[in-house]
Structures are given as structure tokens and as C-alpha cells.
Amino acid sequence: MVGTPVLFIAIPLLAAFLIPLLGFVWKESVRILPGLVLLYLLYLAVNLMGQVAHSGTIVEVIAGWAPPWGINLVFSPLTGLLTTLMILMGFIIWIYSYRFKNIDFREAVKYFILLLMMITGSVGIVLTGDIFNQFVFIEITSISAYALTAFYKGRDSAEASFKYLIIGSLSSMFLLLAIVLIYSQLGTLNMADIADKAHLMKPGFKILALIFFITGLGIEAEIFPLNGWTPDAYAQAPGPVGAAFSGIVVKAGVYAMIRVIFTLFDVSGTHQFLIIIGMITLIIAEMAAVKQDRLKRMLAYSSIGQMGLVIVAFGIGTEEGVFAALFLMLNHAIIKSLLFLSGSYLVYNSTEKYIHETDGLAKHLPITSFLFALGAIAIVGMPPFAGFWSKWSILSAAAHSNMILVIVLILSVSIIELVYYFRVVNRIYFFPKQKEVEPKRPTINALIAMSILGILILVIGFYPDSVTGYLHSASQSLLEKGKYIQDVLSTGQLFIQ
Amino acid sequence: MNMIYIVFIVLLGGALLTFFANRISGLLRDTFFLLTILATTVLFFTKIHIGDTVSFTLAGLNLKWGLDAFGWYFSLIVLGLGTMAAFYALSYMKGKDRLGYFYFSFLISILSMLGILMSHDLVSFFIFWEVMTWSSYLIVIYSGRNVQKNGINYILLSALGAYAMLTAIVMVYANIHTLSISEMINTYPQFSHVQQVWLPVLFLMAFSVKAAMMPLHVWAPGAYSDAPMAYTSVFSGALSKMGIYGMVIVFVSMISYLPDDTLFKETFAWLGAITAILGTLWAIAQDDARKLLAYSSIAQLGYIITGVAVGTDLAMLSALFLAALHALFKGTLFMAVGAIERQTGTVKFTEVTGLIRKMPWTFIASLLAIIALAGIPPLGGFVGKWMLYESLINSNHYILVIAIFFASTAAFLYCYKFLFGFFLGQEEKEWENVKEAPALMVLPMLILAAGTLVLGTFPGILLKPADAAMQTLGYASTEGHLWSMSILFNEWGDQVLLRPLVYAIAGTFLFFLIILTVKGWKNTRYVSTKDISSSGEVPLEYENLTFSVNFYQPFLRAVGPVMKKRMIYYYREFGSGMEALFDYSRRIYNGNGQTYAIYVMIFLVIILLFKNSIFG
Amino acid sequence: MQEILQYTWGALVSFVVAFTVGITYMGLNRKITARVQNRIGPPWYQNFFDVLKLGSKETSIHHGVMQHMGPAFIMVTAVMSLLIIPILNDNRFFPNLNFHGDLVFLLYIMVFGPLGMALGAGQTGNPNSAIGVTRGLSQMVGFEIPWVMALVALMIQYKTTSIVDLMNLQAETGRWLMFTSPFAFLAAVLAMLGMFRYAPFDIVGAPQELASGPMSENGGKYLFVMMSAGSVFAFAKLTLYVDLFMGGANNLIILVVKTFILYLIPMLYGIVSPRYRTEQAIRYFWGWPSLFGLLAILQAVFL
Amino acid sequence: MMINDKNSQKIVDIIQNYARKHSLWILAYGTGCGAIEIPPTMTSRYDAERLGVRGAATPRQADVLLITGYLTTKTLKRVIRVYEQMQDPKYVIGFGSCTINGGMYWDSYNTIKALDRYLPVDVFINGCMPRPEAVLAGFAKLQELIQAGKADGARKYKENLEWYRANQKKVIPNWRMPEYNW
Amino acid sequence: MEFKLFDLSIVEYAFFITAVLIILIGLYGALVKKTLIKIVIGLSVLDAGINLLLISVGYVKSGTAPIFSPALIKDMPLTLENIKKLSEGMVDPVPQALVLTAIVIGFGVTAVALSLVIRLYRHHHTLNIDEIKNLKW
């Protein structure tokens, strides 16, 4: 026993608290501490993953209150996988942002505290077994995300952040409403307990609660038309934060939504609804991405599209579909982070982040450009890179469910995606460089971070079996609702007796 | 360790080594490149035997690689042309930058083609197909010319085809829960009728894109002409044959089982013929040699597609023969253009003329290749053309044979234009100092051209493996009654005995050539091309008397109505229409945070209103 | 060896015959043209003088290798056509290779020469040559269509691609194909107008604008070989028509009569015609002649 | 076909000359007013073709160069060029008095007066202009000369090239032509 | 512990209705008003409404405070049944705890929102949300 899941929340919160204090002692500690914390958590997560694979779900009871009364953390194959992924992404983003832009000490303090908070919140969303607790974590994540979006003073970041905030407030309103509804009906906030008793709810209320959940969490999961904030926030936030959004925050949002739909409520028609809404999201986002003239906005729209695809895959609902969705989440986290990280060096000194400012940078930033191109090729699903396998699993899942239309739509949209990504890559490699652009060479730590992601893409691409085992057990654990309930509630029983 | 793995590892490792060796020294890079391709060729032809298979599991999918006679036939094209092009490339690419990148992509595309030919399951087929797409794409954009136009066209249409194929693959996978190609072929007759129709259509879409069939050919002229010529010879000669390879499988193993297969076959045969005609006509209109050859490739592939689609013994044989032959002569021609481009710096017929005395070896190679391309008897091209015509006539495709014949007659026009434009005509002072290309470039050309020469008399050399390949597909052996070493038969029993005919041609030619040379040998002397009868005028040095602008204007005027608009025009219109639509659709995100909030409420309201129909 | 000698002998004999007859036809053409124009005209043997003179003329210049090879190419076409096309129904007098090739081979060997000559013309560097060549090749694309249609119609109607088979068929039934396949004959004859390049299809070498087109730079021995080849080739073509459509010939006299009657068609048509521009010529060939060709194919398929 | 034997050479010569005389391909250099006499000569009324006379389009194919009238210094240059491009054996016929002595242009500053100072003329046809009958008579004379082997203007030109050149260069100010050496 | 929303008396309905009304007012403010400050106020009102709704769910008419004071427990053993019996007359404490949390969060959000408004005003010199549209499409 190396540790318990509660450390995932306790340690980073503590560290976030300690950062400014330590900063007075040794300034560099502000930058180093988050890395150490994340590294430790990564170690912990990997260990726990091994443990989970070995002996089943770990349920951690907090403060001695057993489920269904107390708050509990669930480290199942699914949540464990996502936790590991988020911590990994967080760690890589830390490596990257260790020296990203020469921000002064005060700014660094803010940045790293907020980043840690955001990661903690996201991990909490995934780990927690309590619906209100989840709400709290969502709010923690959101507030740190608002602040991080508005991190740069010079740009229109406040505008983006404010939009995010308005919609985020609506999100929290809907979540609270849903929680109120559930609580008024069932008198419990524990997810396993809710799932157990969901059939006792009046159908009308159940659906109402579900709708509020979908709306509230859909805002975090970027489904259309709830994603108005997304492109702005992605584009205006610092580069690593954009990566964190697409690699961490959105994943948590999607997880929450999927947990609600798959575990809490069993309403027929939800899956079809997911497919439809995911499809619309995908199509609109990719259509919007084609004509973007700003790099980060393009990446943001692409991110929305990918999340739509994830939701479609979840909507397929079979084990294969869930597997595919999780695979895509994993790949998307890695690839899109790589794109954001390398992309932000491509438009480093630019204020407007126009795509045409990246023209011909390949000569000046060979590795960054190469990694960006690798990411672009991977994300459109070209074999033998990572993206292909997730796309293949989605398609085969859809085919096994006889959803030919879905396949056709996904592939048509993929063509659109391919066009705009390759346009950018072509520009980077083959257009003459704009005179006024001053390329910035990436720092060594940024290179390391990006290279890790690039290697991950290659590893998953050439040897997908390295992750499919985890993904399969994760997808099974999501679908085995009864086991989840039993795992969580049995802990309570043990505790009481 | 199985030899099949080793070949792939050698290629992949060689590609990576070449890529990284580029940083160290050019010589090392060239050595690695050449060694890799040579080692692959040697290993492939000595160590891998027909019937070898290997299987493994990846991501829960059973993948199987192996080699059959059919794949071997196409491997012959790929590796043969690939090796020649590799030698050529060493000299052609000398001094250009980003060579590591080029050689890497070159080797990877060879690898992907071998992979396609050796894939026995659909997923690895698709993977290699896509690898082929992007590796060739990397080379198409290598030169940096028109990347945004030609590169995107290429990748877009390739993706269209590849995704159509992917759809088909997942359909098959969902249906029979296995990815084996042979399994798919075996169970195909039991599929539902809808699937039986759609599977071949989707597969053929992918293959038609690579085989540059109308109306999916629009990428080809740009892509062929923008890639470095060292690669374009492989691109047009071997890579496009992958489309043919797939098509043959689909036509033989799938479409034949359809109850309404004739409709399919006729449609594709006609599409092939139309491709041939339009490709030829557009080739005639080109002033850029690369474009001319690109359109010519499209046209040639059109013949092959027709042969495949008609699918009788003789037609299939002719298609396979032409596929290999096309690799020979089109490889030569692209290399010749490359040589000219390298030596003179231009590939426009309107600019460069009269190279025959400066680049005689290139001219000889081009001449042989052009004769083969035109299908004129003593060379291999005739054999393929003959078999194609006879098969069409034998299988009652009367109008089709006229269409094909029209295309190949019109092909003489661009054939002549190619030779005249570059090698004949006035010798201009501007090109006075042009030298023959280096031996490393000339030799591959000559070797390939000599191949067409040999095949003209002894087509059996190539027909034998083609016959073996066809037996793999389920055809009966046709040796002895449709072909033998140097005799061709049609299905009515008429025959062409090539050897006496070729000897007669050669004999007559030599006889009259000698007469012409000997007669007045002492008095006849060479004069420059400025010494022509031009109404008593003496053309000055700067006066260019070469006729090369609007070369075939009268002909193009005659066929004008067909050529008003190119297919790509419609694609462009469609594309810009779509982009306008996209542009319009993204205005949903109007930038006002409040509107976004209102969207959220609208979303909620809509779901609430329709909750009963959504969550039934 | 004996076989080779035999074929060589056959080729020689038929060459001599074809040369004589061909040259005579050319002379007759001039004579008849003159008579139509109310002139006396040159004697019928005038072209022998011309050829002899060209042969005896010195050729002091050449523009390169291809100029040498061009005439040889066209000679190959002429001789090979003679070798493939059976001269008489009875093969004994002119042993040749007609069992070794078929109509498709013949079609291609017939374009071999013009293309080779075009290369020779191109080498001379005279722009007129190149212009003439482009016109000639364009026109060839025009007339090949009805010509091939006619041949295809014959091939599918009688299920053979061999000339000898077609001749035997006519000999057996005793009916000429020009009557059993009239449309094919029409199409073929109209295509022949283009093949002979007499007016109105003589824009290739129109002297008034192109000097003499592809031949502009060729004099002396080159023109000598070309002219001989042209005569031989003309006779070969006429013989082919006779073989295909008029039941062949049992002896030389019948052959000469039949070929001359056929030869009158392009000749007389030419005498009374002005000149077509290239695209007009092409459109002409793709009009009625091709329609006849189509009808021939329909007839072959449905009757 | 190297025939060294004198007698057989004679026979060959006779045959060749016979063929040559009956096959005169003319290149009509139609500068002067004499050009108008060529069409009637060639067409139905006088029909020169019955003598084997026929138009040739390029100097490479032509045997006879017709100088139909006066030559200016400017056109002389072209005529020389054309003559030099013709292949042996080749003949020149001068039309009308202009080619003989300048005719009505005898005192013109830029026409040449006597053609045979510049090119070897085999036959002069007198008249201003010569009628087609005269032209035919000229052809007949040329045929006679050919048969007799006396139409050897080309040989004379070759032998006296320097003299001809000197004369030519005297009247042609901007002499820029390839050297004639066959 | 079954709570039924529609078994409430008229007074309890009043809570409910008031809460919904406040939410609607807040929404109106947030969605229709153009001034940033008013939007923030709308959001706060929205928050308050939801909190009220949350509280009203746990409200038990004339219930006591949810405290197990020693006086209340006396000597009862703490079995499950006893706890249930004891808690019957009490107001549900959980919603109150939730509301406390929600208020804190709402406070945080409002603080962030207001600081953003300040920055927006500095940047755009306007508070009209329709004019703050630099980022679009």
C-alpha cells in the first residue's frame, strides 16, 4: 500500500497552499514543487493502477462516514485510468510550463497554484463518489480555469474568461438544480446509492434531473450548443493551459457526464441522444474549424469536434463503443496537448496567433514543427499513429451496432479535419516565412515535454496493446453498473458492521 | 524471425537510418539509402517465397501478412522500378536540400507498397494504404510548389477513397467478425444484397482514387508533376498500380459473384475508357512535360482499368501486362523529364528544344519508351495493346474498343509532342552547353527502356508471372492457348507470331537505314538546324524558329467542346461552396457571451419540450 | 534459313510489283488530274522519271540522325504492310508473313511509318515540318476512327481478326464483303480519303502555306525513299482494301484493276475538292464516316 | 553504287540525264514582273507539266531556280541563299532582259544588271516579259542542255566561287551568310 | 428518509415558488441585461434563488435544529433505528451544508466575475456586453 486515493486531492491542495509560503523562502520552489507533487502523484497513480488491476476497485472512505452518508473516493479501473492520464498530462504540462514565458515570481505563484488547483479539481471530479462533492470539484476546476483563462493581461483574455464565467455559472446552476431534484427525491447524494435507488424516482423527475445534468455537464464537456466559451477560452489561455483544458478539464467533464448517464440514471433514449448531439457537435465544430485564421482557435474547434466524437462513441453504448471512446479520450489528451504545446511555440511572439504567422517556421523550429506535424497526422487518424486506432475502434464499434450513417458522417467530417490540419502543416513547412515574425526557440524543458508526447503517440500507434488492456478493463468497469454499486456500498456495510 | 518481418524491419530501419544519417554526412545517407533498397530487393526475391505467411495479433486484431503470386507480380513492379528510381534519385537529387526527408519518404512508400501487397487482412491493408498515402504526400509537397493546391487535392481525394475503404472494412468486420481478406472473399456471396453492392463500390472508390480514374483523378496531374521526378516515376509507375492491384481483387473476387455484375463491369470499363480518352486529350493540350506525362499516366491507367473491368482471361492478362509495362515506360519517361529538368532547368516544351545531340542517351531511352507507350509493334507496348483490343473485341465490347482505340491513336499526338518538344526541332543557342545527364541517371532509364524492347519480342517473360498471378485469383492457366514466349493468341484462335515479325521489321529497318546511310555517304554532311529553307532568309541566332506554342491547336479546336472545363473546376466550385457554407455556419459563434448563454437556455428548452420523444 | 530466303524473295518481288504499280498510279493520278483540268498532263510514267531523278540527285546535307531514320521508318511500314497483306488469294507467288500477324497488328504497323517520318521531319528543325506533322497526326486521329470502326465491324461479324480468314471467307461464299457489310465498306472508303492525303485532306503538306510540310527539308535520297515508300504503301493499302472488301484477287491483273478502281475514289474526290482545314477534316471524319462505322457495327451485332 | 568504269558511267549518265531532263522541279523566285508568266505556263493553256516541269515548294527539292525578272540587291541575297541551299544538280533560268542586262532598270541604283555575274545562269529567256511560249522554249533548251550534259552551271559556280563571291559581296553591303562549301 | 416535493403545505410551496421566481429573475438579469455589472448581479441572484430552493428542500415544518444534543440522546444506544427516530422531527441538515458550500462558491465566482468586469472595462472602456466581441467565429 503506497498510498490512498485521497492523497490525489489532499497533497496538491496542500502544495497549492504551501507554494506561496515556500516561495518566500526559495523562489525557485514555486516552480519545482508542483512538479514534485505531480511526479509523486504519478507514481502513486501508477502503483494504484497496478493494485486495481490486481485486486479490484479501491473505495476510500473519507472522515469515517461510510457510504451512502459520507463522501467516498472510488479508484476503479476507469477512474484510475483517467486519474493517471490527468496526472500524467499535468506533469507534462508542468515540465513544459516550467520556463514558459518569463513570468515573474508573483505571476508564477498564481499560475502554478491555479494549475495545481485545476488538476486537483479535475482529478477530484473523476475520483469522487459523491455527487455534491463532484459539484464542488467542478466549481474548483471552473474557477481556476476562469482565472487561468484570464491569465494574460494584454489580450482579450478577460473577455474569454467572462464568457466562460457566464456559461459556467449557468452550468453550476443546472448542476445544483439536478442535485436538488435528486436529493429531494432520494435523500442521498452518494452516486452508488443514487444509482441503486434511481428506479424509485418519479420518471418525470428522473428525466428532469438527467436533463439538468446533461445541460450542466455538457457545458464542461463542450457539447454543441453549450460550447460557446470553448474556442475563446482555449485561444486566450496560455498555451499549456489550453493543453490542460483539452487534456484534463474536458476529460473530467465528459467523465462526469458519462458517469451520470451510464451509472446514475438508466433512461432509454439517452444513448441515441448522445449520438445525435455528439454528431452535431462534431460536424459544427469541424465546419467552424476549417475557416479559422487563428491557430489556437482552430485547435479549440478541433478539440470540440473530438469531444463530440467521444460522446458519439459513448453513445454507441456497447463495450466496444465505450472502449473506443476512452481510447479516443486518451489519444486526444495526448495529441491535442501536443498540438497546443507545439502550436504555442509556433505562434509564440504573435499577439493575434494567426495561422499565416507560422509560415515557413519549419526551418527555424524544426523539432517543434515536426512534432506539430506529427500531432496533426496523428489526430486525423492516419495510421500507424495513435489516432488511427481510436478511430478504428469507434468505427468498428459503430459498425457492430449497424450505424452506417454514423460511420459515414464521422469519416466525412474526418476529411474536413484533414484538410485544415494539412493546410497548416503545409504552411509551416513550405511557405516563405513572414518577415516580421520572430520565431522563438523552445526551451529545453518544453522540448522534453513535447517529445514525451510525441513518443507516446508513436508508442501507442505502433503498439496499441500497450494501453488497450487498461482501456478494456476501464470500459468494463464503466458498464458494470451493479459492480460499481456493490463495490461502493459494500464498503459502507463493512464499515457499519 | 520470419523473413517477412526482416524485410519490413530492413526497410523501416533503413529509412530511419537514412533520415538520421542526413545529419552526419551526405555520403553516409546515400549509402544507407542505396543499401536499404538493394538489401530489400535481394532479400525479397531470394528469401521470401510465394506462399510464406506470418500472423500476429495487434490491438486484439488478428493480422496476417504473406506473399502470393499475385502480390509477387506487383512486387516485381514495385521493387524493380523502385531500385531503378533509387539509383536515379541518388544522382537526380544531388545537391537538393531536405534529402533525408525525401529518402525517408521514398523508402517508407516502398515499404507501404510491399505491405499492401503482402497484407492478408483488411486492417493492415488499410494501414499500409494510409502509410502509402501520407508518405507519397510528403514527397508530393517536397518541392514546395503549389502545396496548398496540389498537396491538399491529393490528400483530400486519397482520404476520400481511404475512408470509403475504411467504411467497407468496418462493414465487413461487423458482418463476419474477422479481417482476413480471403475470409471476406469466401463469405462474400452470403452477404446481403445491399452489402454485396456497397462493398465493392466503396473499395473501388479507394482504388480508383489511387488509379486516378475519372472522376477521381483530379489530384493526379498536380501531384505527379510536383513530386521530384525521381519519385514520380515510382508514383506513376508503381504506386498507382496499387489501385489496380486492389481493383483486380475486387473485380475478380467480389463483383463476379454479384447477380448484376455486368452493370458494374460495363460501368467501370467505360469509366476506364473515358479516363483514357480525356486523359489523352488533356495530355495533348499540355505544355509542361510533367503535366503531359501525368495526364498520360491517367490515360494509361484508364486502359488498365478497362482491362480489369472487362475481366476475361485475355483482358486481365493484358491489364496485368500493361500494368508492368506502364511502370517500365512511364518510369523511363518521368526519369527522362527529370534528367532534362536537371540539365536545363525547365520542362516546358515551349522553352527547351533540340536536345537530341546534347542528350543522346536520354533521347534513345525516351524514344524507346515513347514507342512502347504508343503501342507500336516491335516494342512491348504493342503486346499489351494488342491483347487489350483483342480481348475487348472477343468479349463483344464493340464501342468500347473504338473508344480505347481513339484514345491510343490520339496518344500519338502527345507522344510526338514529347519527343519533338524536347529533343527535335531547332537547336537553340540557349541550350548549347547542355550536357548529357550523369550515368547514374541515364543507366536506369536505358535499362527500363531495354525492358520494353525485350518484352516486345518475348512478352512471355512477363506473361508467365502474370499468368501465375491470375491463377492465384482463380483463373485457369492460359499458357499455350492465349500466349507463349513470343506468340500471342486471341480467344478466336487468331495469332500474332512476334518473332518473325519483329525480325522482319528490324531487318527492313536496318536494310533501308544502311542504304540511306551508304548512299552519298561522302558528300552528305551535317548542318545545323539553323540551315533550313526559310524563303532565303538566314535565321539569326536569337530567332527561335521552333514551332512549339499551340502545338496541336487545330486538333484541340476540333475536340474543343469536350475540353471547355476541367473536372477540377467542378471540384473547386464544390469546395468553395462548402467553405462558404462552413464560413456561414461558424457565425453561430457570434462572440457575444450572452448569446452563448441564451443558446444554453434554448438547448434546455428544446430538450425539455421534446423530452418525451428523446427519452422515450 | 530457307524460310527466310523465301520470305525475302517474296518481299522483294512484291516490293517490285508494288513499287511499279504504285508509281504508275501516282503518274496516272497526275495524268487524270491534268485531263480533268483540260490539260494534256505529263505522261503516265512521269513519276518514274521523278523517282529516278531524286535517286540520282545528290544529298549533301542532313540535320541529324533522325532525319536518316525517318525515311527508313516509313519504308518499314510500307514493306511490313506488304508482308502482312496477302497480295493474291494464292499465297504461292508472293510468299509472305500474312499468317503471322493480324488486322490489329497491321493497324499499328501502318501508323509506325508516319510517326517515324514525323520524327525525321522534326529533326530537321524546319517549323513548317513540325506544323505539317501536327496537322498530319491530328488528321490521322480523325480518319483512324471510321477505319477502325469498319475493321471492328468486320472482325465481330466474322469472328476473326485475320485477313487471310476474311479472304477465305469471301472465296468460300463468293460474296464480297463490300456487299455483305456495305456500311463497313463505306466507312473504310471514306477513311481512305484521309489516308491518301489527297484533297480535300491535303493540308498536311499544303505547298501554298507550309512549303511541303513534313518533307520541307528532305530532298534527294530522303525524298526518293519517301516517295518510293509512299507508292508502295499506297499499293499495299489498296490491296488491303481489295482483300478485305472485294474478295481479293486471283492474279495480278485482277488485282491491278480492282485496286485502280478503288484508287479512283480518293483521286477523283480529290480533283474536285478544295481543301479542308485540319479541324474541319477531323470533324468530317467523326461525322458521316463514323456514323457509317457505327451502323456497320450495329449491323454486325444485330444481323 | 560506286561505278568507276567509264563506259558504264556514261550509260548511267545518259539515264540520269534523261530522268533529270524530264523531271524539272522548279522553284519560281517570283520577284519581278515575270512571275505573272509562270501561272499561265503551268496551267491549262500552256501546261508545262507535260514536259515534266512541276513546282517544288522548297529549295531542297527543287532542280531549277527561276529568276523571274530584276533582282534588287536585297533580293539577290535571298536568291543566293536559296540557290546555295538547292541540291546538285541544279540549274538557273533567268527571265527577261532584266536578268540579262538590267533591261528597263539599267540605270537603277539598287537593282543588279547582269545576273550571271552573281549566279551561274544556264538559260536566259529573252523578252520583256517573255511570253509563256518563250518560257516553254527556255525549258526545252534547258532539257537539251541537260541531255547533252552541258547544263553545268553548278559546277562553274563551285569552281569560280571566289569570283562569284566577290561580285556578290560587292553589291550586298551586310553580308552575313553561312559559308558555302559543297 | 423520503422527501416529497409535492407533499408540502402552502407555506412550503411559497418557498418553492419564491425560489423559482428568484431564479427566473436572475436568469432574466443574466440573459437580457446588457451591462456587465447587471449580468453579474443576475448571476448572483440566480445563485441565491438556487440556494433558497436547496434550503427549502430540507425544510421540515416546525422542525428542530438538527443537533443530537446530549439532552436529546439521553441514554439511548446509538442504533440505526434510534437515530432514525430521533431525526424525525429535525430539519434535514444536509441541504444546509450544501447551501453553505454553494454560497461560498457563488461568492468566489462573483469575486472572479467582478474582477473580470474591471479588467474588461479597462480594456474596452465600456460595460456593454454587445460591444465586447473581439473574439468571435
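Quick notes on this one:
Letters are used for the chains, namely A, B, C, D and E, taken in the order the chains are written, and counting of residues starts over at 1 for each.
The criterion applied here is as follows: a contact is a pair of C-beta atoms (placed from the backbone, for glycine too) under 8 Å apart; a residue touches a chain by one contact, two chains touch by 3 or more.
This one's a predicted model, so the numbers in the text were calculated from it and none came from an experiment.
Shared contact partners of chain A and chain B are E. Remark: among chain pairs C-D and B-C, B-C carries the greater number of C-beta contacts.
The chain closest to the protein's centre is B, with centres computed as averages of CA atoms.
Distances between chain centres, each the mean of the C-alpha atoms, put E farthest from chain C.
The chain with its Cα centre farthest from the Cα centre of chain A is D.
Spacing of chain A relative to chain C, judged by their CA centroids, is 79 angstrom. Chain B and chain C have Cα centroids separated by 36 Å.
Separating the centre of chain B from that of chain D, both taken as means of CA atoms, is a distance of 58 Å. Averaged Cα coordinates give chain A a centre that lies 28 Å from the centre of chain E. Residue positions of chain D touching 2 or more other chains: 58, 60, 182. Of all residues in chain A, those touching 2 or more other chains are 159, 162-163, 166, 170, 231-232, 288, 291-292, listed in ascending order. Contacts with at least two other chains are made by residues 30, 39, 132, 134-135, 137 of chain E.
Contact annotation for chain pairs lists A-B, A-E, B-C, B-D, B-E, C-D, with touch applied as defined. Taken together, the chain B residues at the contact with chain C in this complex read 354, 356-357, 367, 374-377, 382, 385-386, 389-390, 393, 396, 398-399, 401-402, 405-406, 409-410, 412-413, 415-416, 419-420, 424-427, 490, 492, 494-497, 500-501, 504-505, 508-509, 512-513, 515-517, 519-520, 523-534, 545-548, 551-552, 554-555, 557-559.
Residues 586-587, 589-594, 597-598, 601 of chain B are the ones touching chain E in the complex. Against chain E, the residues of chain A that register as touching in their complex are 132, 136, 139, 142-143, 146-147, 150, 153, 156, 158-163, 165-166, 168-170, 172-173, 176-177, 179-180, 183-185, 187, 189, 205, 231-232, 235-236, 288, 291-292. Residues of chain D that touch chain C in their complex: 15-16, 18-20, 22-23, 25, 43-44, 47, 49-52, 54-58, 60-63, 87-89, 182.
If you check the complex, the residues on chain C that touch chain B are 7, 11, 58-66, 68-69, 71-73, 75-76, 79-80, 83, 97, 99-102, 104-105, 108-109, 111-112, 115, 118-119, 122-127, 130-131, 133-135, 137-138, 140-142, 144-145, 148-149, 152-153, 155-156, 159-162, 165, 211, 216-217, 220-222, 225, 277-279, 282-283, 286, 293, 297, 300-301.
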